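Each of the next two complexes has chain A plus one other chain: chain B in the first, chain C in the second.
Here is the complex of A and B:
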């Protein structure tokens, strides 16, 4: 009979990691394409619509990029907390609150462009921080499980948006539908032929910033130390409180920034659903962060890929006429193949004939 | 190393497929078989009558030579086609016109489109050559308008919104007359004088329906009250159940609702089985089978009537990319866009007809005494006429009052289309509040 042993790998080369990742990703896609072939869809067309066109055709790329930017900005922040071994899933809520704060700034302050935009973005970041601070403090002081608290905060954020769009912010001109007024033009961020160029430049700046923080700063080192071995990090005198708080603040500020950017450039109003301004991208960004293997520079290709897949998912439904279930299946397959790759990077299976 | 890599790939693949399969099957909507029959009063020949409500009727005879290329028509839905309400009803309409105009059009649909993504989906459809696009959710309004302005050669129709463009019209089939008729029956059937309403979201459409229902109740039973519970969801069976149960606990014995599942009816049926009769009115879909002992009547919609009219007019050139700015369908009973009942062709569950015939009321316009069954049939007939001779939101001899005693409609006057669209107050026999600032 067979005997299977799971052995830990040590000293894994980055080349091996890269190869394993790419292969598992391709295998995930390959199985999805196979599944589509069984459904009777032309496999070439599936691959083409799913990510060749979203990345190469100018018309499609314009759509992909509007999903890429928020995913990338949020993933950049998330990788810092993930590096510290903190599993925050609260970016969605922080993004929503960031949008709410930016909207508040746009409705109440009268400023000229471009000060207006900078102020609204800063206030949006502040909103994100406020939303991230509660789970951060609970984690830092009482070691409360951050997965639960951040998830709950997301639902509270949705309820906050619902309260505003059904209540005090509901536009008097919307026939009672849950929409806010469009934000004043001084606060809008222009796009070029539908491409949020400014947002993309913000993404690149954020990526450089997180690269510096994660790779070159003392904080980045402490974050990594806590992620690898909390006891050793604590014993060597690093402040757990400081690491948790700072990494949380940066990540939630970036999520708030993403929400504010989406509001000012793409949506320009809140409603009609609580998640209309976030579109669930705060969750998609978690996947992007893990695809990047928590490497700041790798966030750019990872978020391009995820943005393309969101866009490609729409094409699968709209052009190939397939159901929502098929798109979910594709996302599940790709995500799982990447999770499985993580296993094969850290462990190997030894099969022996007895 | 190479051997291990290969092995790794194989195992990853197996895990990915196995788990992917389960994720896929778990997330795919459960298949539903829905059988239905219907009658539609739209001409199958493409000679069309342009009927504009309230204004004039123009008949334009058009002969159509079969176009060499079929018109490509797309529908964008907010939910899955297997839901038990909104999206399914539109899908029924799409299938109907696909068959009706099969020599002239081909259709497709995109389901479960999140509101902010509608513009991106429209662009993809236009890239595939679709020339007539229906977007069927209020939240699609801004995205549809943006696309209409960007693609002047494509015709758009948006359901339930209020923004139009040269190439973008709007349409809606409203149920308020049916809720009023349901209210008449509810008023006759309640013994406790308490009628319940499980309500989705506090928007004018739902408020209008609650008010129409309450006006019906009041006409038959001036002392009865309508108790409202908000669930803040279009589809949430769990919340609908707890709202219905808490209303029953308050003494309510008749229920109406706005929610896309038959949950409220199932609750009523359970109470009935336990010997506690609670009656209910179906919403949007034929739900009689979920509560044959308790469902009195309900509201049904026929989107296919509107779709057939629009497609016929687009095919014949009555509608083009420049003249839709004032095209707003607001279709009701008289156009055949909605139907009274909990199943097609069954306006009132036969079980309840004798009970309704026992209750006598004075008809408020003529003062003639009649039973509630006859009253319902009279009102149904009056509202189904080409020019309706009755409307629940017209005050006859007494004014219609709001909850705080203000006059909403003076005697002899009616609410306009805009008043109905902006309605944000309850009439005086409703108990409950509208959650707004």
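Here is the complex of A and C:
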């Protein structure tokens, strides 16, 4: 008979960690491809859409970048809260409300070109913060489960957007579709050959910002302390209230910023599901944050990768007539296998014959 | 003047809407009692809802649909169990991933079933006859008596789970794993096996609830049919203080709110989009209230909730 023993690993090399994570990522994708194959999709086609085209085709790359930017900006914020051991999944709703606030600014304020965009982006960030504030305060004061409250805020945000696009903001010129008017041109952010270059520069700035906050600031140190050992952090006099509130505010402001950027440069109007500004990217960013191992600089490759995968997933959906669920399924499979991979870094299995 | 028909309608809807909540909340109570949080409830429910519709259409039998729905609920929950109990993965992230998988799979596979109605297959009420009562009481009585069988079963299940958790040896083992897995192991309980069992059993009940959602309430498959009900159920677990009977009570409370928000649509001057926010807002409120209560009464979650347990061995 076999007997499997679980042994703890000590001093794991970073090379081994990297190999294990990459392997687990590939395993997650492999399960996804296998599932698609079971549905009758040609597995080569799936791999082609997910990996080969985004790397070889300029057109695909241009579209991928549109997803990369919001995923990266949101993931940068999320990794701060995740580092503190707070599991916010509210980025999707904060992003949606950020877009709503930015749209409000665009429809009501009359400003000249560079100021208008800056004002709309700031108001979008404010919208994100407002949406994240209730879960943040409840967590900071009463330790209310933030997973559930942030998720509920997402559902409420969806309803709010639906109310606006089916109700007061619905454009009479949209041929019956629940879409709002395009935002005034003064508020749009230009793209170059379809590439949102400015947005990408914003992403790089955000990554540097979170790097400084996470690695060099006092707040970043306190965040890490709470994530690693809450009772020790509390005992050494660090304020739980401050850590929760500040990390939450930064992450929801960044989610709001991502929503505003997507609205002003890519979508330029609000719409229902499948034309929505968020496109579920607030959830994809969760996966990107964990792929980056909560390291700020690793967010750039992680979001490039997830942007390409989202683009590939949506291409599979469009070309092969599948549904929105493609991206969800892929995200879930990747996330599940990378969290389970932690085991193989901390432990090893010894199989013995008895 | 109180409209008796309206009240009857409200009671009928509440009893029905409570079923998925009762089953899912009770299932999650069992799972969490063993020390494992399953945030994949939403995913388990939606997969079960689809499988329920598909198998009922194929077999023409509701019971088959419900049971197979429960079974896939258990299977998906065990995927989460494999990651968290066996591999000690982060339970929160793994649960979120499980929900993503569930939402994705159903959206992909459910396309061909959208709108295929099951009306002809509705389960018969327990008491299909006319009730010998004065006319003004009839709506109330029939709201209670003319429900399908699952509504009554869903009331019994939390009572059974009470007995299972607090009176049987296995229930005691599950609770021991949730309070202190190290001590449980030293008392001869196989923690990994017991936790997997609790995750599977909980997932089965969650799956039953999901299957009832499509079979009993909506009557067909709709993409994104759960719309957060699974997450609401996870919130109700905290409100129920991990006691199945309180889960029953909490579910009826939430179901009455959901029914009210249905019935208000078109009757009052509030947009239906705002009315649809009611269950989500109520969940946040409930979580806030229960946190205050917990501080005051010092009632707590199972002590080892969310903490992975891996039995290590040393070489030798």
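To be clear about the criterion, the second predicted complex is superposed on the first by the 301 of 354 C-alpha atoms of A that agree within 3 Å, B and C clash if a C-alpha of one lies under 4 Å from a C-alpha of the other, contacts with A are read in each partner's own complex, and residues count from 1 in each chain.
Keep this in mind: a contact is a pair of C-beta atoms (placed from the backbone, for glycine too) under 8 Å apart; a residue touches a chain by one contact, two chains touch by 3 or more.
Since this is a predicted model, take the numbers as computed values, not measurements.
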| item | value |
| --- | --- |
| Touching partner for A:195 - first (chain B), second (chain C), both, neither | neither |
| Which superposed partner A:47 touches (first chain B, second chain C, both, neither) | neither |
| Partner chain(s) touched by A:87 [first = chain B, second = chain C, both, neither] | second |
| Which superposed partner A:20 touches (first chain B, second chain C, both, neither) | first |
| Which superposed partner A:147 touches (first chain B, second chain C, both, neither) | second |
| Chain B versus chain C as contact partner of A:349, first or second or both or neither | first |
| Touched partner set for A:130, first chain B, second chain C, both or neither | neither |
| Which superposed partner A:109 touches (first chain B, second chain C, both, neither) | neither |
| Which of chain B and chain C A:297 touches, first, second, both or neither | neither |
| Chain A residues contacted in one complex by chain B, in the other by chain C | 35, 162, 166-167, 323-326, 328-329, 332-333, 336, 340 |
| Touching residues on chain A, where the partner in the complex is chain C | 5-8, 35, 39, 87, 89, 134-135, 138, 142-145, 147-149, 151-153, 155-156, 159-160, 162-163, 166-167, 283, 286, 290, 322-333, 335-336, 339-340, 342-343, 346-347, 350 |
| Contact footprint of chain A on chain B as seen in their complex | 1, 4-5, 7-9, 11-13, 15-17, 19-21, 23-24, 27-29, 80, 108-117, 120-121, 123-125, 127-128, 138-139, 142, 162, 201-204, 207, 232, 421-424, 435-437 |
| Chain A-touching residues of chain C, taken from the complex the two chains share | 39, 43, 79, 82-83, 87-90, 92-94, 96-111, 223, 227-228, 231, 234-235, 238, 271, 273-274, 276-277, 280-281, 283-284, 287-288, 291-292, 295, 310-315 |
| Of all residues in chain A, those that touch chain B in their complex | 16, 19-20, 23-24, 27-28, 30-32, 35, 59, 63, 162, 166-168, 170, 175-178, 266-267, 269, 271-273, 275-277, 279-280, 311, 314-315, 317-319, 321, 323-326, 328-329, 332-333, 336-337, 340-341, 344, 348-349, 351 |
